[in-house]
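Each of the two complexes below includes chain A, the first together with chain B, the second together with chain C.
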Partner chain A sequence: MMRNDPIKHVFIWPAVLVVLAISIFPLIYSLTTSFLSYRLIPPIPPRVVWLGNYATLLQEPRFWSALFTTTLIAFIAVGLQYAIGFGVALALNARVPGERLFRVALLLPMLLAPVAVALVARMMFNPTMGPLNQFLSKFGLVNLPFLTNGHWALACIIAVEVWQWTPFVILMMLAGLQTLPEDVYEAAELENASAWQQFWGITFPMMLPISAAVVFIRLIESYKIMDTVFVMTGGGPGVDTETLTLFAYQEGFKKFNLGYTSALSFLFLIAITIIGVTYLALLRPHLEKRR
Partner chain B sequence: MSGQGLTGLSQWSRRLVAVGVLAWCLITVFPLYWVVVTAFKTPPGVVGGPTYLPFIDFTPTLQPFIDLYQGIRGEFFRTFLNSTIVGLSAAAIATAIGAMAAYALVRFEFKVRLGAGLVFFLLALGFYLLFNATFGLTRPQALLLAFPIALIAAVVANRLPLPGPILGNEDILFWFVSQRMFPPIVTAFALYLLYSEIGRLGFQLIDSYVGLTLCYVAFSLPIVVWLMRDFFEAIPIEVEEAAMVDNVPSWRIFIGIVVPMSMNGLLATFMITLAFVWNEFLFALFLTNSRWQTLPILVAGQNSQRGDEWWAISAAALVAIVPMMIMAGLLSRMMRSGLLLGAIK
Partner chain C sequence: MAHVEIENVSKAYGPYKIIEGLDLKVADEEFVVLVGPSGCGKTTTLRMIAGLEAVTSGTIRIGNRDVTQLRPGLRNCAMVFQNYALYPHMTVAENIGYGMKVRGEQRASIDKAVGDVARVLDLEQYLQRRPKQLSGGQRQRVAIGRAIVRSPDVFLFDEPLSNLDAKLRIEMRTEIKALHRRLAKTIVYVTHDQVEAMTMADRVVVMNKGRIEQAADPITIYEKPSNLFVAGFMGAPSMNFIHGVLTARDGALTFTEPSGTALKVPKSREAAYAGSVGKPVVLGVRPDHVLREGAPAGSSIRIFVKDVEPLGPHTLVIGTVGAFAFTAQMPVASPPSRINSLTSRSTSSARIYSTRRQGWRFADLPECSTTARSAAEAACSPHCIGWIKAERRAVHRRKPAHMRKAPLQRNFADRKQVLGSR
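Up next is the complex of A and B:
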């Protein structure tokens, strides 16, 4: 039952005001700035260039490479997170021995500061004192260029992302698995369906809505990746691992090229919106079939 | 909740699955073990190559932590305090006003015309340009003036019979949650410029407690509203209805009945928000520079400041990590009681 009482405004307005002020406000500010040629260093008065900044950006190879890098990290990392996370969640749900102990350990990484995690990763991947290289050298792989080669560095960043955020997938999938009705499985059991058939016939389709939500959240969050890359490689070697956020940071905070950076962040916003909408559109038929 | 999904597996495959989970668990825990161990090593103990077991491989020392406390590698003590103060207050404020908004969205009916929303955006943009370009006001002045005008106009417009769809509670919730979709760099950068121009008007927001906390409150609110709505929806409405029959005012129902009943949910939301603020990097990077620097910034700086002094870096990382480790323990206890189940539906 919905009540109607003037006091409802007292309840909702503080939150609305704060969010409006802090998020819509800067939006207007940077939207208008993105049409200007505006630099703080050297200080030149703002000049209206309309879509000039956007045109320059779209011709800038560094922008496309940052977009590509970010997309690569986001899709591969989220794919791995989902596969591993779903697997571990299934196992935990099936009461694997020692499951209680696992839960705390498995929850941990997602609560830790990405900055600290990235520092730990640098230690792990360190060529001289890192345990990983020592371990691998036993198999004849000596001194792999973990953070100094572009492809390796990208793989390392993806590995760290997977390490940190798989727990989130585990947590959500586990909670989803626990809401599944039991009688369906009992029926399948009577029909002598194998575990494999049960998974593809019952579990996977029934988990599709929550899977879609989890992957969506992770995908959007992964596109914002910044701190991990900032600490692990700083975008290097060269600009091989530079992500969109890092690119915007370099342009804005190092060069103080305001109009350009504002345009860049709006292109970023558009890119994320396109990806989000495409994702939802692709998934909608599958989700609605189930209802 | 019995074992689902794996019922058809043989004994051997069950063992295989257990080994797989154990392997993932080791992968998760080993880096954490490594950072703890490294933090207690002496410089020669680190440089000489990987060593694993304290007292056997190397002799542990407390020196890195003593260095940290004495401020040899930056003012750790004060930064830790900053993080704690900003984290606790931002999480508390966000949970409080977020919970109020979530409750309003669950129990009261709201109607917002899409037209009114458009009026707000267009007027805010228009007046900003007008004040800035025509009357020569500075950009923050123009924004600060345009905002209330547009807001009042939008509230008035909401009462007029404008054409276009009427948005309900679900849409307001979606608006809240969609704020999380924005790449934070868009806002962080604009907020930095806005804060620094407001600073030129004489009100210091960059590198200040108010500025940082306000920004964190705004960015935690979407999560808080989203989580708390599910908790409030799970509360049976009968109790509230009984109180309403006795003419108890709504605010007393909220504080006296609803809040105590959803204490666990509030606590979990508070902790999740605290973790989010504690770990946040991008906004702190833009909005602080010395006095109100937070831990993630200082920890990230360790990397370049004095080269690869891994023992000290580990100790620094550990300081940032340990409070969250404790929270993970607390949260997982709540998770076991099925508390977070409702939050995802």
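Up next is the complex of A and C:
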């Protein structure tokens, strides 16, 4: 077939239209909405305010606090997930007896619905009725304010995130570890490199590309954290654990302030893009070395 | 000073015994090549010396030091792997210097050592490249560089050239040999390529099924193989084997092949083979010892030609003698395709093997040397003389597969022609 055969249009245009309809249109629609003052309660006709919503948001301390909280949760949770996940993957990669059982058992949390996990966690962490406090009280630690103190609540959310999503890191890292060539380690063994030297000199650098991908995926996902926080604390106490998604939810579905929420979503998108691009730019020189 | 001693070493994976009771001594500065078919245990042996495989029983000593229970890093062996095993994320310089870095040596001394090695191996302009940016031969040189930079007691090579193309393989062969001369270190080299074994080794160790069949210098291996396996494995094209019986007839020993081909055993050998009279034996003839003409009476065999393969320096005539495949190497000057009849004659290295002795041992080791090619000697010593008879059409160069007749049909046609020409 020739390159300029007109039949190509039959194949190309439906795909283009589908992509436009399902992906680009909602984006443009919400972008236009973000330039409007558009409230459902009380129902006032939409009014164009251009960047007014954005300006208000950027001056809103609650927005900055939500952004900070989200970033805090995302970075600490992903950092812990990566460190623990890599460690467990290394352990599982060594051929130990019962390794299959561990592999399945450790992957289970990932398969649970986050809402269910959050509900269970809320019970566990319940300051008065939760089993954790019951247990800790035996050691003289009475009534720890797990979900009622801002810092404690944040730590609990991070703990649940780590518990649920470390399996994903384990899975990916294990897959990566299994592709590493064995003879390279034998060569290092002959050089009398210790296990620690082998890890830092060989395993870690060779796992860097997959690590970068895993951390990137988890980072982006963590920024979108919603259900765990929603169920466990609802953003409280006060707005101490309010994340960006929760803030958007409050504005959009509690106050029906649609223009404002759209602007918030766009700021959220910009924030994630900046973080993502910075992350990739920082890693690029290290990754390119490994091409 | 680092000789390697392997004493009664066995290796088993569960119930599967890979190596049993292996004994081998490698002298200091010796270049020993372990050769054998795949699965014969040669790589396992090498890895046991390196410490990458645990020994099931037995002792391994390197330079009087018992290293059997030592971990690989403490044995002071350097190994070159088949797939090079370079660290993909390091540059050539980092790859070569990794061992020194691991041992915590000074940056300056690492740089100096790496520079020296790079100069020796002609790698200087590639030092900042990564393995992926190098060709196979260059990667191999980096792997060798990584081995020599630490000046080990023993070098271990695990089929290092098998991933290179034919031309490069020959070049690297020479380079490794030159390196051995320069470094004057003990080298144990594993290969399945008998040409590599023959060309590089001070001593060739032919292994089969976890046992050493013969360990000797290359020429001895070629000229005086100690058993049928070594005889068949070493040499390309491999030695022809014809099974038959040795009988005393008319005051002379005669080797008779089941289809009737008979060959007189030369007088000089009769005493040596007398013990095998009346027993089934195997006649071994190297293809390059088959000659076209000049055979005395009673010492010729008929070869049924199936194909002719021109190789350039010589031409291979492939066919059968009775039920046995037979390959003869002919000078290129007179390819048999242009000759209706062809006489072949072997020189003295045709040998008779007894099949009765355990392990296919030789009935004896004939003392004649293969260099006896002069007319006078040839007349007194050859065992077998071959006739090659074929029509021109039947032995033409190989046609493309779709133009060839089915082999069975062709055989039949050839047979008719041979019969017809009698």
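Observations on the model:
Note that the second predicted complex is superposed on the first by the 269 of 291 C-alpha atoms of A that agree within 3 Å, B and C clash if a C-alpha of one lies under 4 Å from a C-alpha of the other, contacts with A are read in each partner's own complex, and residues count from 1 in each chain.
Convention: contacts are C-beta pairs under 8 Å (C-beta built on N, C-alpha and C of every residue); 3 or more make two chains touch, one makes a residue touch a chain.
No experiment lies behind these values; they were computed from the predicted model shown.
With both complexes brought onto chain A, simultaneous placement of chain B and chain C is permitted, the two fitting side by side without a clash.
With both structures placed on the common chain, the touch criterion links A:Thr56 to neither chain B nor chain C. Once chain A of one complex is fitted onto chain A of the other, the partner contacts of A:Asn149 are absent, as it touches neither chain B nor chain C.
Touched residues of chain A, counted separately for chain B and chain C, are more numerous for B. When the shared chain is aligned, chain B comes close enough to touch A:Pro131, but chain C does not. For the combined arrangement built by superposing the two complexes, chain A sits at the apex of an angle of 80 degrees to chain B and chain C, based on C-alpha centres and given in steps of 10. When the shared chain is aligned, chain C comes close enough to touch A:Leu190, but chain B does not.
By the document's definition of touching, neither partner reaches A:Thr71: not chain B, not chain C.
In the superposition on chain A, contact is made by A:Gly201 with chain C only, not with chain B. Distance between chain B and chain C in the overlay is 9 Å (nearest C-alpha pair, rounded to whole angstrom). Across the two superposed structures, the residue set of chain A contacted by chain B and also by chain C is 189, 193-194, 197. Contact residues on chain C toward chain A in their complex (touch as defined above): 50-52, 71-75, 77-79, 81, 83, 85-90, 98-99, 101-103, 130, 132, 146, 150.
Those residues of chain B that touch chain A in the complex are listed here as 1-9, 13-14, 17-18, 20-22, 24-25, 27-32, 34-35, 38, 46-50, 52, 97-98, 100-101, 103-105, 107-110, 121, 124-125, 128-129, 139, 143, 147, 151, 172, 176, 179-187, 189-191, 193-194, 214-215, 217-219, 221-222, 225, 237, 241, 244, 249-251, 254, 275, 278-279, 281-282, 285-286, 295-296, 299-300, 302-303, 308, 310, 313-314, 316-317, 320-321, 324-325, 327-329, 331-332, 335-336, 338, 340-341, 343-345. Looking at the complex, you find that chain A touches chain B at residues 1-5, 7-8, 10-12, 14-16, 18-33, 84, 87-88, 90-100, 102-109, 111-124, 126, 128-131, 134, 163, 166-167, 171-172, 175-180, 182, 185, 189, 193-199, 203, 210, 213, 220, 223-224, 226-227, 230-231, 244-245, 248-249, 252-253, 258, 261-262, 265-266, 268-269, 272-273, 276. On the side of chain A, the complex with chain C involves touching residues 181, 183-184, 186-194, 197, 201-202, 205-206, 208, 289-291.
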